[in-house]
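What follows is a pair of complexes built around chain A, which joins chain B in one and chain C in the other.
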Partner chain A sequence: MALNSAGGIQGAQAPSGLSRLYSRYATECGLLIAIFAVIVIAILIDPTNAYLEKPWYNATEILRHASILGIFAMGAGIVIISGGIDLSSGSVIAFSGVICCSMILGLCQFAGLVDDTGNPVTANLPGWILVVAISGTLGVGFIVGSFHAWLITVVRLPPFIATLASLVGLRSLGRVLIQDVNRVFTSNANTQIYIRDATYKSLGNEWYIPVIICAVVALVLFTLMRSTVTGRHLYAIGGNEDAARLSGISTEKKKWLAYCIGTMTAALAGILYSSYVGGAMPDRDGLGYELNAIAAAVVGGCSLAGGLGTISGIVLGAIFLRVVIDAVAKTVKDNPDEFQGMIVGLLVVLAVTFNELRSQKGDRKKFFPGALGIVNIISLTVLMGLVAMLVTSDGDSSTDDSRDKLFAGCLVAGITFAVLVARKMFESRPTGEQALVSTPITANAQSDSSAGGSSSESGKQEIEGDGPGGGEEADEGMDS
Partner chain B sequence: MFSASRFFSLSVLLLALVVLAVGCGKGGGDSTATPSPGGSDDGGAGKRIIILTNGTSPFWDAAKIGAQEAAADLKTAEAGLRVVVDTNDFSDKGQIDKLRSYQGMSDVAGVGISITNSGNSSIADELRKLAKQGVKVITIDSDIDRKNDRDSRIAYIGTDNVYGGEELGKAAKGLKPDGGNYATFVGLKGAANAIERIGGFGVGAGDKFKQKENFGDGGDQNTARKNVRDAIDRNADLDTLVGIWSYNAPAIVDIVTQLKRRKDFTIVTFDAEPIAIDHMKNGMIDAMAVQNPHAMGYEGVRMLKALITDDKDALAAMEKRMNRTEEKDLFDTGLKIIIPDEGSPLAETKFGDNTNKLTLSKFTEWLKSKGLQGS
Partner chain C sequence: MSVQALISIREVTKRYPGVVALDSINLDIREGECHSIVGENGAGKSTLMKILSGVITDYEGDLELRGERIRFSGTRAAEAAGISIIHQELNLVEELSASANIFLGREKVRGLGLLDDVSMERAAGELLKSLECDVDPRERAGALRVGDQQLIEIAKALSLNTEILIMDEPTSALTESEVARLYRVIERLREQNVTILYISHKMDEIFRISDRITVLRDGQLVETLDREATDPRRITHLMVGREIEATSFDEPRQPTGEILRVENLSLPWPGHAKEWRLRDISFSLQSGEILGIAGLMGAGRTELMECLFGASEVPYQGEVVFDGESVRFHHPAEAKAAGVALVTEDRKRLGLFSQMSVGNNITMCTLDELVSMPLRQIDRRKEAAAAEESISQLAIKTSGPEAQVTSLSGGNQQKTIIARWLRTNPKVLLLDDPTRGVDVGAKAELYRLMDSLCREGLGILLTSSELPELLTVCDRIIVFCEGRLTGEFTREEATEEKLMEAATQLE
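Entry: the complex of A and B
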């Protein structure tokens, strides 16, 4: 083939602007489509048309929730991109709530804002108290992140263990601390602190504040990761830490930065969370949120192996998760949270699988090899049928409803079985290489041509299949 | 070209959406809807009355049965109303999230909520926002902070928890006339019902009783058991164990049984979970102050339906039972003190006018008559 003057391949069609954009932001495009699809499905099956009747309220609610999740998911995502993991987000959220509210109580005492019993009055706080409390909380986030970095880079603890210790320890510390703080600043040793100041409460309750904060954080981190040497170093460390170190990158300093971003974004989310719930309750605040952050990052295209992922993907991952949760709440009218875990789990697995497929080589992936595959075809069939039956259940034991449940379960199980068996059969067909090995010499000419055809087809698919993923990886490779 | 793997994963995605589409529209779980007139399933149509719990426990199962009975008796479906019990996870945020979620729906007509934390004004703020949208809001079982946020709901339906605590305190006093040292065990120490019951218990038990500890478990039953063990380990002079929330009773009995120290403790508890009833049969609990969650569910639905449909007669009938305070917004669903069938020192003890003292066998008969296993 000859190259044309523009450096393209003669005869090949130059990719359009749209397809270039898709190649570059395949994960983001996929997530946008998925978000749109979930909303459309929710609109179609919600009998009360909540999204159509109250579009503004529902949109702002989803954005508000997604922003708070997105803020600390971006921090968790940067740690993942740099090859680490941060399990402490949930506990940092709880702890930072305690710190912020404790500082507010202390500063109220300092400023003489107390009632006649000596208890701090947390309504109508002067602005400087909020500024000091929020700054101090972010400072504590920095200290926690620095501690993680020290444990990981100096003490050489695995990131999983270092941040697991914080996951357990910080919440406990918060629970103990809050009682002592209450004992010192108020007349009793409560396990919660409530703040009644309207400005503070508006931080997490007014939808636009978390959205603006999330947008600013996203812009800063997007620029950091996309357009700075430091960002490229973080990708490089995540891709191959040894190679990065040997090429002169100061991996310790970059990890310090990554873990501080992780904990400071969690602290920022903790302030918004505390504002949203009206105070600090460390025994339950942010419980399990570290997994939400990791889920949002992974759905957004981050690889847990490190070196892959984008800020825009993480933000869209957070929006996708919140849209799914909200859609379940809108469509399953009774106890939606019982179904949320099941449905969110299912969609997270599918989204990540879809992402993985893009970066792997399409047809060559075998999902159902051998006996393990057969067992899992059966288990997935049963699982999908069961899910359909459970979701169809309405708690009424009438015969008609039982029949509906059974029908739905059998229908979905049947479709699942058919799809999976088809896939299994597709995987079982001889590939070009297998055909070459197994074909007698006398049939060489014929098999050569078919193998060649297969190879070239496979090669073509590889090029085409790699389009979005390959483009993205190449792009990120350049970043690195 | 569309690779087979993509086709496969898209198929699976579509399949998942089929699962959702097949089921979601029908709702799940705890709907107590009855078919609407004309035989059509009202499914998601019409308006909803939502009973929002503070968490999960058999207590709420009994309340749900009451709500179901009310839906059937009062023919809520004919009024275009569907009764739903929605379960919180014991967290303030969970409840705030749900209340905000209701604001985004157009089919919520009434909410009866058991407040997780009375001191949290953010929950009251969300109740006010719901009320602004025309949703009728009442509290059930656990009220808001009556000093600051009384305006955020129309009425409270449940036990007078201060009174309930006092009555359980009286039971402890009857069992140990010379007094003792007690520890209290509860889910959320900040919940109004917890604060009121614990305070009431101290008053009812009198000066001879001293509180050594007050443990909160956040709704985690494993922690509830750990708390009992810690209390016993830390206080050699502890002799009275007080369960404030329903699941604290079995937690206390489990640990006391494990330690084989039944004779060292007087055990008095709130509520009667099925397992707690068995424990009393086996001589492991000395007295139970039993609320009436069935009535809370029933009366909650009755009041909400009356408010939504502006049924003045029904409201007037309920108001007659709401005259215990100046504000006339507390509907007392009554209290039972349950004692073992034989050998209880409380057999002769006198309780308050609003208390119905029953032996265990009479109580279980009453439960059977209501189709309940616990209360």
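Entry: the complex of A and C
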């Protein structure tokens, strides 16, 4: 439902006044409504009324997490807008935690803040140590981003590969590094560093600090993307890199900037995260966060093809993601963390599906063609039943649990199956001549000297059905 | 038709939005003949062949194969009926071997569904040998020379028991010995009673191999002639003989001195049979003059413009003198700063930012002038004013700068891009086929625009695939053929026949 309204962003005509405002910010409006709706649903179905009992606590928790996610999601989003992809943010978060904490240890030694055994004392750090450590960490973010930009624009690796290398490499580097750092600066060889300083810890633990930092970063990046020449050029590169280069835009420099924003925001988030958990644990910190960031950007209206998306959309996408995760955590009492991956996965699939639909609007899309469709109807049915069973497991466990679960699972599976089969029947109605014409196989490979492109099979179009029925059904099932 | 027609094309029409690519074509192809289809770029040759080979499936009219009405649902169906096409851009999977390419989609298998590479390679080897192609069938297709790759496509067609083979400008990328080998292959195919449809605009080839020649012009069939009954001069005349609506620019323009001079410019073509994309090009352009570049597709017009604009991937040799100074641009940004503007050939791919508005497209190159001070942020009021100014100056038909650029017609999109470049105050404007895909009325407007820009002192270098256009607009015309400069004419001297002769003048 959040994503439904995203379609109206490309009006052919220039509308005026309110409708123009709406069409420009359609994604944002949709996300706001969706966030509100998810909260209302969560309040309605949450048996323990967590939101109503502790509204302030819950609001600040959601905002804290959404802010940290939002900071590096904006970086990932700017890379996506400029036509690339940054898979490294999770590992950069872990790595920058290691760097920041290591620098603090090293600077403690440097300043003589050690106890009797020679171990650094990290409580009550002087301010300059924090300033140096944080700036140094951001500097490392800059270096990593520059390395990405070099791999991509000079060595000409695909962005996916270049940042994939960082994704796997940086975390590993951090894990090796942290042991040596501990060996040098302390008397052990731990795989973690703990920082005791209250100021440092407050950065991530006082809820308003991440929120303020996120807001400031958002303001800066919003201005950059919306109001500066550089921002316009980033959109241009993402939309049509060749045309941008031929317009005299130095695409390499702009990409350098984009990838540095990607890694520096991740480094900033890494510092906040490390402060929140009180140290650096590179084997666990930020694991899988790169996908959360991409998910937030995509849900927030960025097209993976580049050239589309706004900072405000990305921030709302991050909030939406956290709200959904939190709502599920509230309604599913036991081990909510384990549901996070499912939610993010589902939202990414839905958002990208919608993006695809948006770019080929008017095309009547078949979701369940042939044998592949049948297999996926069955698997989606089983999946939905399974999810329903798992979700039912909590609640008041006074009644017979397993029977409840089975019932709920079968019910949801049955409904899903009925809906999907109905959709398939709807799709496989004969649609006149269009069904008989197969796609020309070689049509894509020719340079057309004559007018127009290859055969555009704009046969009789059916009136578009109501979006992807299956997808929405899945969405509903997840929320409730 | 006295002889039995193998294929009859009956009233075939193909429309694209705004353009009629083929207009009621009627043509009979006789069994076993070699039939050449000639015409200028955009005459409809390729479209017609794509219909015959099942690439294009929605068209009006009928095809008859041996008197039976057929309508192909795709290239597979056409191949099953015995019609294969060799495209100008070859369709090979470069990572697969030659034999795998030949049998792609109909691989031979042994028991258990395993590929029978041995027998495929043997069959492929025999086929290739029969075509005088001594490459190893196990060789990776991408590693082969273009001529050999083409023979692999021909071998593929033969292994399909093709009766009708369509070749779309097959010699455009071949060396001379490869061309000679191709002729021999064609002879051999004809002995096997394969009917050949041969698309080309090179007169010597056409007169060497064809039995009959059909001339297409602007989507219409002009005439079908026996080779014996005609000569290259007449065919050339038929190809170009078209009336263009006379946009007359009565007052002669006054060139005001040299702005751009190119001396012995050569552009290497690494890894290609022909070593040079451009060879020893020298010419000069004056301010207040429109210099046309004529040439067929692949003659090197676009490559020249890329060199002049600093957009060429490969560095060129030779010297470019711009505004009195010897220059060498390494990036379009340098060319832009110096005062050179390029309106690219492929509007969609290289020019438009299709997700942006008209205004944003217009101001893309000159945003630095539209910022206000504190943060150097874009001043939206200035930007809108600049866009409005350009829109009215060039009479771009749009609802306003906020409209999506994709909502505009082709001609107005082109004007949007020209407006973008005019805002940079260029001294030289490079226009690469600016009227492609633009309707007639908008063309005339673009001509008038060029004329007035020129009178304001701009030097314009214009390429076009339409000769009448060049003859109407240009003061002088130079002609390219396969990377060489083969002719230079003033407007008074130039005729379409002369230009076409120079453009088809092979070494």
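One rule holds in what follows: the second predicted complex is superposed on the first by the 321 of 480 C-alpha atoms of A that agree within 3 Å, B and C clash if a C-alpha of one lies under 4 Å from a C-alpha of the other, contacts with A are read in each partner's own complex, and residues count from 1 in each chain.
We take it that a residue touches a chain if its C-beta (ideal position, glycine included) is under 8 Å from a C-beta of that chain, and two chains touch if they have at least 3 such contacts.
Since the structure is predicted, the reported quantities are computational estimates derived from the model, not experimental observations.
Peer 1: Pick one for A:246: touches chain B only (first), chain C only (second), both, or neither.
Peer 2: second
Peer 1: With the two complexes superposed on chain A, say which partner A:32 touches: chain B (first), chain C (second), both, or neither.
Peer 2: neither
Peer 1: Would you check which partner chain A:143 touches, where first means chain B only, second means chain C only, and both and neither mean what they say?
Peer 2: Neither: A:143 stays clear of chain B and chain C.
Peer 1: Counting touched residues of chain A, say whether chain B or chain C comes out ahead.
Peer 2: Tallying touched residues of chain A, the top partner is B.
Peer 1: Give one of first, second, both or neither to describe whether A:235 is in contact with chain B, with chain C, with both, or with none.
Peer 2: The second partner, chain C, only.
Peer 1: So, A:276: does it touch chain B (first), chain C (second), both, or neither?
Peer 2: So A:276 only meets chain B here.
Peer 1: Just to be sure I read the superposition right, which of the two partners does A:227 touch: chain B = first, chain C = second, or both, or neither?
Peer 2: second
Peer 1: In the overlaid three-chain picture, which partner chain does A:307 touch, first (chain B) or second (chain C), both, or neither?
Peer 2: A:307 contacts chain C only, not chain B.
Peer 1: Sort out for me which residues of chain A touch chain B in the complex.
Peer 2: Interface residues on chain A, with respect to chain B: 37, 41, 44-50, 53-54, 57-58, 61, 65, 190-192, 194, 196, 201, 205, 273, 276-279, 281, 283-285, 287, 326, 328-335, 337-339, 343, 346-347, 350, 353-354, 357, 360, 362-363, 365, 367, 384, 387-388, 390-396, 404, 408, 411-412, 415-416, 419, 423, 426, 460-461, 464-465.
Peer 1: Using the touch definition up top, name the residues of chain B that touch chain A in the complex.
Peer 2: 1, 3-6, 8-9, 11-13, 15-33, 43-45, 48, 84-87, 89-94, 96-97, 100-101, 103-107, 117, 119-123, 125, 189-190, 216, 218
Peer 1: Can you name the residues of chain C that touch chain A in the complex?
Peer 2: 16-17, 19, 21, 41-47, 50, 54-58, 73-76, 87-89, 91, 297, 309, 311, 331-333, 335-337, 342, 344, 349-357, 360, 364-365, 367-368, 371, 375-378, 399-404, 406-407, 420, 437
Peer 1: Could you pull out which chain A residues touch chain C in their complex?
Peer 2: 10-14, 20, 223, 227-229, 232-233, 235-236, 239-240, 242-250, 307-308, 436-443, 445-452, 454-457, 459
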